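Look for chain A in each of the two complexes below; its partner is chain B in the first and chain C in the second.
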Partner chain A sequence: MKQAVATRRNRWHTLSNWINTRLGLANTILRPVPSYSLKPDYWLGAIAFVAFLVCGFTGILQLQYYVPTPDAAYDSVQHINEFVPYGNLIQSVHLYSAFAMIFFAFAHMMRGYFLSVHKRPRELMWVVGMVMGLSALGMGFTGYLLPWTVLSKSATDISIGFVNQLPDPLRSFVMFGLRGTGTDSDLLLRFFALHTVILPAVIFVLFAIKLHMFEVHGVAKPEGHSAPTQTHLIPWFPRVLGYTLLLASVVGSAVLTIAILFPTQLPAKFTYEAAAAATPTPEWYFLWAYQILKFSVFEGQLGIRLALLLLFAIMAAFTLLPFIDRSPIRDPSRRPVFVTLGAITVVEVFVLVIWGSMTPGITIPTVEAVLVLGSAATLTTGIVFVWFRHMKQPSEMLYERFLNRKNQQLVSKTNREPARRNEIGSRT
Partner chain B sequence: MALASLGLGFLGILPILRSATPGTVEVPKWPRTKIANVKDLAIDNPKIFMYPLEDTPNILVKLGKRAEGGVGPDADIVAYSQVCQHLGCFVRFQAASQQSQGRDLFYCPCHAGTYDAGNAAQIIGGPPLYPLPQVLLQFDDSSGEIFAYGVGPPVIFGKGPPGSNEVWQDLVGGTLVAGSST
Partner chain C sequence: MMNRTSLGFGLLLVFQVVLVAALWLVDPVQYFGQRLFGSILAVQLAIIAIFLHLYLSRDEYDQEWIAVGLAFVVLIGLLAFFVVGG
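Right after this comes the complex of A and B.
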């Protein structure tokens, strides 16, 4: 019996050696990882990518039935919903994993922002990640049109309406890119191609580039008083594999549960009569931009252009963050300005999304917008300020403390001194 | 030097970019299309029809009182592009009896753009900057048929720069509706 086990283990080793000699995975993506990285916030990007893969899988299943023409699109989606086995579940999982992808990508970005992972040598990882995130938003934008419902078609028409207000060489160029000659079938075909071929290809290529950079630079070790104390390496098998599978299962089952509890319901098909009666709104992840565009200061052609310029500037600033925030300090407790700006960003995004969902189609007077956004920003600044003041040594972000609560319990006060010495040592 | 020649070499591929723009197109003539018969139209009961292309919707409505550019026995039948001049949503007709503004309106549900249906679709409220383009109608006394034979300025939203008066752009990019050419 004992011998049989030994033989089996031998065979497994022979097999894994054979594979590793050829693929070299043990030197790249299956390298041991530092013990402190077995925490959920280190895997937010991985979760977003797994959600993307789930979208890909459910998307391919839907491609077997979907017809990308204005006349047949809606009926084919309805057919999937009603007649294809598990069709409604596939659609619901597709939708909610897309939501999960965008949510976790945003969480991944903001975590990176607060812990300054975008600094040398990971600047380009941040830039590539931002382009991936924008492509994910593009996936959402183009996918929304495909069922050809009243809401989705009208919302797409509005978004294109904004582009139509740009100054001319830009206007005709982008308009042609988005909707071709301007017919409905051109529009749908272009969005279909973007959603099923171009953007997924972009995301895959960028993912490969980013994974390469990750393998070169490794996990970014947090700095400051929350710096990990235990830094020994853990082999990928079985603990890292088990941990990542566990995380993927938790997120996967959450998506599946939501998909079963709240299955998608197809809104009415697009007709001009129905469109004239409905107030279209975008999906929640665009509500923040939707709300900004509804401020009355951005009315009129010049206003619309300014608003688009503002959105572009926000995106550009975030994409180029590593070249704007150039200080080498990574400890959040020593970066009050950037931490405050980040906290304001998060709060304003939530405020705008909730506010946008409450006021569909209603133009917001500029005074009201300034008051709401201003008070949210002031309140956030105040809370962050109080936080920084009250955090005597060791000072910490609420966010980090929340994530490290378990660690805090483990690390006793006597352990703290060596930990800090360790951190000083690593900084020199 | 080498860099400059490399740069010049790259300029050579610029013409390829033209493949990513619409290029020049031949502008067709306005079709003359039957859109309704006067005996089928009830007052304040709008009808949506496509003109001049198969995916440019318009609203035809009999207002019951004399209107700017109206045709028919009472000169009260008008038609306007259904595409809002603000951001391209689709407007709906609201009779004076259905709301409190005291006149017939076209109303956009997206941002509450409001146009005066009886007066050349002039803007009454909301964010639009230009009136809705009016469809030019012709009434045949003997048969009671109503024909569309053109669309007045400004250009239909999305067909050209907003507010442009070059209405030939309405005819480009799509399939013309059936009808005899004028």
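Right after this comes the complex of A and C.
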């Protein structure tokens, strides 16, 4: 029996060695990882990419039935929803995976910002990651139009209307890229091509480049910890594989639960009459930009140009962050200015998203905008100031508290054990 | 003698095997509505996550997370029964 098991193990080792000698996986993507990286926040980017793969799989299933023409698009989506086996579930999972991808990509970016993973030598990893994130937003923008509903088509028309205010030749270039000759068929076909081929291809290529850079630079070591040695490395199989499967299972389960509880419901088909009565709103991940564009200060051609310039400046600032924040300090407790700016960004995004969902189609007076955003920024700055003032090195203190709690549990368990043994001994 | 924890997780494993059999051996298109199918898949993934967590932290069980996982399984089960309905 033992000999049979040993023979099977030998065969398995021979096979794995054969594969590893050819592909070298054990020295690259399947190499051991430092123990400190087995925490969920280190895998936010991986979760976002898994969500992207789920989107790809469910998208390919829908491609078997979808027809990318203005006359047939809506009916084909409705057909998937009502008549294709499991069509509604697949469509719902596609939608919520896309939401999960964007949410986790944002969380991944903000974590990287606060922990300064963008600093030397990972500057280009940050830039590539930002372009991947913008491509993911592009996928959301182009995918929204494909069902050709009154909400999605009207929202796209409004967005294109904003782009139409750009100065030439930028306007002509972007408009031709998005709309072609200007007909509805051209618009839908271009969005379909962007959503199903061009942007996924861009994301895959950028993922390969980022993975290569990750293999070169490794996991960003948390500030304050000692460099990982051989004893702190964890083998990829089975522990790292098990951990990534655990995270993927949790996220997959959560996405499926949301998909069954809130299945997609198709709004009315787009017609110009229906569009006149509808108030188009973008998906939640564009609500922050939508709300900014509704501020009365950005009315008129000049106002729209300024708003677009502001949005472009925000994106550019985040993309080029490694070249703006050049200090070598990575510890968040020693970077009060950038931590405060990051906290304000997160709070303002949440405020704008919630506010945008509560006031669809309503122009916001400038005074109100200044009051709401200013109050949120002031309050956040105050909280961060108090945090810095009264809690030196907050992240480390929290971690230490957690370790102390665990140690106390272990100590009390160890103390209880001899007492229990004595008790058992005295009984016998 | 099997202790209660092992018995509990043994039962969870049996439950999972039954779910797997229902999903992959019985034709799901014939027998389930798609939302019920989705909820069973969600329960499946949650149970897989619990087992992976048990395996990864086998030296010292992190009981809070196991309790959260079990509560999640029960929650989806209840939602599937009362809200989705199959």
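In this text, the second predicted complex is superposed on the first by the 383 of 428 C-alpha atoms of A that agree within 3 Å, B and C clash if a C-alpha of one lies under 4 Å from a C-alpha of the other, contacts with A are read in each partner's own complex, and residues count from 1 in each chain.
Everything below uses one rule, namely that a contact is a pair of C-beta atoms (placed from the backbone, for glycine too) under 8 Å apart; a residue touches a chain by one contact, two chains touch by 3 or more.
Quick caveat: nothing in here was measured; it's all calculated off a predicted structure.
Peer 1: Is A:299 in contact with chain B, with chain C, with both, or with neither (first, second, both, neither)?
Peer 2: After superposition on chain A, A:299 lies in contact with chain B alone.
Peer 1: A:323 contacts which: chain B (first), chain C (second), both, neither?
Peer 2: A:323: touches no partner chain.
Peer 1: Quick one: chain B or chain C, who's touching more of chain A?
Peer 2: B
Peer 1: Thinking of the overlay built on chain A, is A:312 touched by chain B (first), by chain C (second), by both, or by neither?
Peer 2: neither
Peer 1: Where does A:158 make contact in the superposed view: on chain B (first), on chain C (second), on both, or on neither?
Peer 2: It touches chain B, and chain C stays clear.
Peer 1: Report for A:173: first if it touches chain B alone, second if chain C alone, otherwise both or neither.
Peer 2: In the superposed model, A:173 contacts chain B only, not chain C.
Peer 1: After lining up the shared chain so the two structures overlap, which partner does A:88 touch, if you call chain B first and chain C second: first, second, both or neither?
Peer 2: second
Peer 1: So, does A:273 touch the first partner chain B, the second partner chain C, both, or neither?
Peer 2: First partner only, chain B.
Peer 1: Using the superposition described at the top, list the residues of chain A that contact chain B and also contact chain C.
Peer 2: On chain A, no residue contacts both chain B in one structure and chain C in the other.
Peer 1: Could you list, by residue number, the parts of chain B that touch chain A in their complex?
Peer 2: 20-22, 48, 53-55, 57, 82, 86-92, 109-112, 126-127, 129, 157-159, 161-162, 172-175
Peer 1: Quick check: in the complex, which residue numbers of chain A touch chain C?
Peer 2: Listed in rising order, the residues of chain A that touch chain C are 85-89, 92-93, 238-239, 242-243, 245-246, 249-250, 252-254, 256-257, 259-261, 263.
Peer 1: Flag every residue of chain C that touches chain A in the complex, lowest number first.
Peer 2: 29, 34-39, 41-46, 48-49, 52-53, 55-56, 72, 76, 79-80, 83-84
Peer 1: Could you list, by residue number, the parts of chain A that touch chain B in their complex?
Peer 2: Residue list for chain A touching chain B: 154, 157-158, 160-162, 164-165, 168, 171-173, 175-177, 180-184, 272-273, 275-280, 294, 299-301, 361-363.
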